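The chains carry the letters A, B, C and D, assigned in the order they are written, with residues numbered from 1 in each.
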Amino acid sequence: MMPIGYYLFLSMALFLIGAIGVITRRNVIVVLMSIELILNAANINLVAFSRIFGDVAGQVFALFIIADAAAEAAVGLGIIIAFFRNRETVLEDEMGLLKW
Amino acid sequence: MLDKVIFFFFAGVAILSAALMVTRRNAMHSAVFLITTLLATAGIFLQLRAEFIFIAQVILYVGGIMVLFIFVIMLVSLDVALHQVQFSRQKWVALFVTLALAAEVGVMLWSSRQVPGQGFLVPNAMPAGKLPANTEALAGRLFDAYLLPFEIASVLLLVAMVGAVVMAKKRT
Amino acid sequence: MHPTLHAVLVFLQTWWVELVSGVVIVAVVPLVAGYLVLMERKLMADMQARLGPMRVGPHGLLQPIADAVKLLIKEDIIPDHADKMIFWLAPVTSMTAALTALGGIAFGPSFLVARDINVGLLFVVGVSSMGLLGIMLGGWASNSHYSIIGALRSTAQLVSYETAGGLALISGLLLAGTLKIRAIVDAQEQYGVWFVFLAPVAFFIYLVASIAETNRAPFDLPEAESELVAGYMTEYSGFRWALYFLGEYTNMIVVGAVAATLFLGGWLRPFPNVRWMNWLDAVPALFTAAVGAYSVYRAGKQPVRVQVWFMWGVALACFVVVLILAAPLVVAPLKFMVPGLNGVFWFLLKITAYIYLFMWLRFTLPRYRFDQLMHLGWYILIPLAIVNVLAVGVAVILETAYGWNRWLAMLLATVITLAVALFLLRLNDKRAAPASSATPPEEPSAEDFYAG
Amino acid sequence: MQNQTLLGADELVLNMGPQHPSTHGVLRVKLKLDGERVRGTECVIGYLHRGVEKIAENRSYQQFAPYVDRMDYVAAVSNGLGYCEAVEKLLNVEAPPRAKVIRTIMTELQRIASHLIWLGTHALDIGALTPLFYCFREREEILKIFEKYCGARLTTHAFRIGGLQYEAYDSFEKDVERFCKDFERHIQEYVDLLTGNSIWIGRTRNVGVLSVEDCIALGASGPVLRASGVQWDLRKAQPYAAYDQYKFEIPVGTNGDTYDRYMVRMEEMRQSRLICLQAIEKIPAGPILGKVGKVLKPPAGEVYHSIEAPKGILGYYIVSDGTTQPYRVRIRPPSFINLQALDKMARGHLVADVVAIIGTLDIVLGEVDR
């Protein structure tokens, strides 16, 4: 077991990279992927603390987060496909319309 | 020692490929680097003796979610996208938000160090050999204390599935 | 001692088994895969009234090596506009996943390749499913229509059949009550029966799903030669192509090993607990001896001296193996080695039989169409697998909580599942209008198309 | 092409061939796809064009005979029969009865051989590997008979204008009889492998349905026409060679789908076998070559003669201007005309079905392109 700070730092780094991706990228698919990265960073924290405290509850929540990520990816990509079919773009700032 | 090597290896791979993921122009390359990050994170989980989360990460994230991503990228891959501006004009906002977040976490890390007795940079976890069998412990917890959240999660997945089908279906 | 050196030594001391087995996997499995190809070609030739490879070595025994050399020295072509990085990465991914999955498999009670990790079987299944990424990426990177259609087909097929196969595995795991490879086999020893007899439907579903997962006929649509040339492998040649091929055959070994472990009793011999069947322990030695004797017999009939020597070599190798296998049976102090050595033999025999079944089906059956394949997966296999999981779960509870007879409970589960299967088939027959002809041929609206 | 996607925003154009494992040679089919569904097809032919009809104008009548063997090269004997009979009609001579019977036997053997190639490749297209080798095993026996008879296996040039050049060799009847005896057993093997197989039925039933009206409108002939339910076979309708002497059935289908065409061809092989058996029972004695001169100079005029080749109606239209060389030869190749049905049959099906449909049309590109 490494000191918990290392894990927190790793988690923070991944989270920040993910946040940068979400804010700056135009391609919605990449934005979604960045969100997956953020969720994953959270998972590292959960699992690391679960290991520190010797309590698997943290891992249970990590599982829930993975399930949530799956749901999010499915719906998000479904929306992207639907949008792409109509507008032929996957760029965020071209998706500004609320109707098509 | 070995722990350290493994951790730094995986952590390095994770951060490096995460950075590459955000900066690559080609969405497919981004996906590949995200897969690398996820696998490296899975390695971290294994180093934390969380075998079940490790394999769940491999099966669900890499074998499931990322396959879905690649599938969609294959379907919508527009070569035009490669020649367009890849970043939106929010660079400064991004920088600001990131710095703010980094500062927050930094302050948190730094201040918790000040608190005597907490000292979470000191390892105080149970030795690896004394941990209960991971899968069994996890299952016991999941189907006992967290049964309701588990069911809610499955309902969530069902809803997501229906939603995805409705979204992606061709309107004829 | 220098601390770093010391650390390295400690590392080696704790991990040498894993390191050695890793090297063995990487070194031996390609050879085994090559000989699987030879076996397939020979069997195919036998069933098709011809001889198969005969030129390289006696009865083509050196053909895999010749093939490997040929593939290695072949020109390595990367198509124009291919994404070079991913084109390079994809076959490596495919093969790495397959080889890594092999690391989780135990070939005998004392021949565990890597550690008996807590999530053993799940590890094997999960890691081998990552090979799909290689297929998708390769198909995408090739920048060819055939490749990308092959990759899309492959993805859809693998995702659907992995679901069915995974659910079938869960039925078996419910009986074992653990994910650890060794504990699964131990459970079968305790039960005194292979799980295939307790949960035959699950085994059957896994069989079908594993054929589909390894892209073998009749589910070989992703690389259907007559439709998509070679599917995702169309643009690959030489060594990269060989990596894909290697991955595919390694995957066959992996699914065979999973099936053998979970359903066919792993390294247990038939009737592991029946005392008067103990003579079965001598079978491995006798079998190998018979192979050796046959080689001696054939050696006299070889036309070229090199081939005669080669057959003698094969015979000699067989006899050495016989000695190793027979020694523990005869020499009392070595008795403890019997389960280990024979276990490996039985395990390999089971995998071989499983793969033989794959090959047999390939030579016999035509290929499914894509919609039929998806229909079979989603409308029949997955519902059936879900019902089977429920039924087996109920049976396990009936047995443990209500003290039912195990066989009775399992029989009930099987009957329920089969009844549902019949119902499903009926249902599907009713709306059997083939999806392919469902859409009426549209009116010719393609004048521009015919213009050029 | 670059910007097309698989999402159906555009339609994808997939080139199948000319280098493709299942286009039976050098056929190129442009498929217009929506996902995997075919919205239209276009055949691009001509990769094997050799100008056979034009060559005829510069060859004497006998010299041209070997060229027709190279059209449908898996049924060379049938091509030769059609050509020889057409020229005989032009010359107004008739082959002697013995020649006619031997011609009939050879042609029926060739029909079996051609159908065997069709069965093997068709099954291979649908993914069954093994029937191909069984089919070639039997075809080998037929080719051996051909080789013994005329020295050639594939492009036989077995017949001569006015009859035959070679007398049947000594054990000819015995060889044919032995083949026919074995063949009954072998055909059962294919039936065991394919006819009842649910995958095979799933892949062929209701695939590539061609109605009677479509068949007639497109001019389809042979098994393609008969599988739709039209009992039209020139061997019965306008008997040539010695077909009027033998009893045989003309199998017809009902649905006109790929499975029916399969059944029709399988039954045709059985009937051909019966014809062969009937014919070898009594081969009349006599000369084998009618009275034709060394130099053929047919009177000016024109003639059209058609036979039932394995793939359909094979017609020869020959115009003579009274010289030793034909003025014009026009050939009606069954493959070329049957191929026109591809678009009609493939629309609305999946890519995999296109492969099956090309297989079931039983085309030979040498004949399509000539």
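Miscellaneous remarks
Just so it is clear, a residue touches a chain if its C-beta (ideal position, glycine included) is under 8 Å from a C-beta of that chain, and two chains touch if they have at least 3 such contacts.
It should be emphasised that the depicted structure is a prediction, and the values quoted were computed from it without experimental measurement.
Among the chains in view, C has its Cα centre nearest the centre of the complete protein Cα set. Seen from the Cα centre of chain B, the chain whose own Cα centre is farthest off is D.
More C-beta pairs in contact connect the chains of C-D than those of the other pair, out of B-C and C-D.
Work out the mean CA point of chain B and of chain C, and you get 31 Å between them.
Chain C and chain D have Cα centroids separated by 43 Å. Look at where the CA atoms of chain A average out and do the same for chain B: the two points lie 6 Å apart. If you average the CA atoms of chain B and of chain D, the two centres end up 63 Å from each other. Under the contact definition stated at the top, the residues of chain A that touch 2 or more other chains are 81, 84-85, 88. The set of chain D residues touching two or more other chains comprises 6-8. The residues of chain C that reach two or more other chains are 148, 152, listed in rising order. By the touch criterion given at the top, residues 1-10, 12-21, 23-27, 29-30, 32-34, 36-37, 40, 43-44, 47-48, 50-54, 56-57, 59-60, 62-64, 66-75, 77-82, 84-85, 88-93 of chain A touch chain B in their complex.
Chain C makes touch with chain D in their complex at residues 44, 47-50, 145-146, 148-149, 152, 217-218, 220-221, 224-229, 362-372, 434, 436-437, 439-442, 444, 446, 449-450.
Considering their complex, residues 1-2, 26, 28-29, 32, 35, 51-52, 54-55, 58-59, 62-63, 66-67, 70-71, 73-74, 77, 133-135 of chain B touch chain C. Residues 3-4, 7, 11, 14-15, 18-19, 21-22, 27, 30-31, 34, 37-38, 41, 44-45, 47-50, 52-53, 56-57, 60-61, 64-65, 68-69, 72-73, 75-76, 78, 81, 84-88, 90-91, 93-94, 97-98, 101-102, 105, 109, 120-126, 128, 131, 134, 137-138, 141-142, 145-146, 149-150, 153, 156-157, 159-161, 163-168, 170 of chain B are the ones touching chain A in the complex. Within the complex formed with chain B, the residues of chain C that make contact are 7, 10-11, 83, 85-86, 89, 117-119, 122-123, 125-127, 129-130, 132-133, 136-137, 139-141, 148, 151-152, 155, 159, 162, 179.
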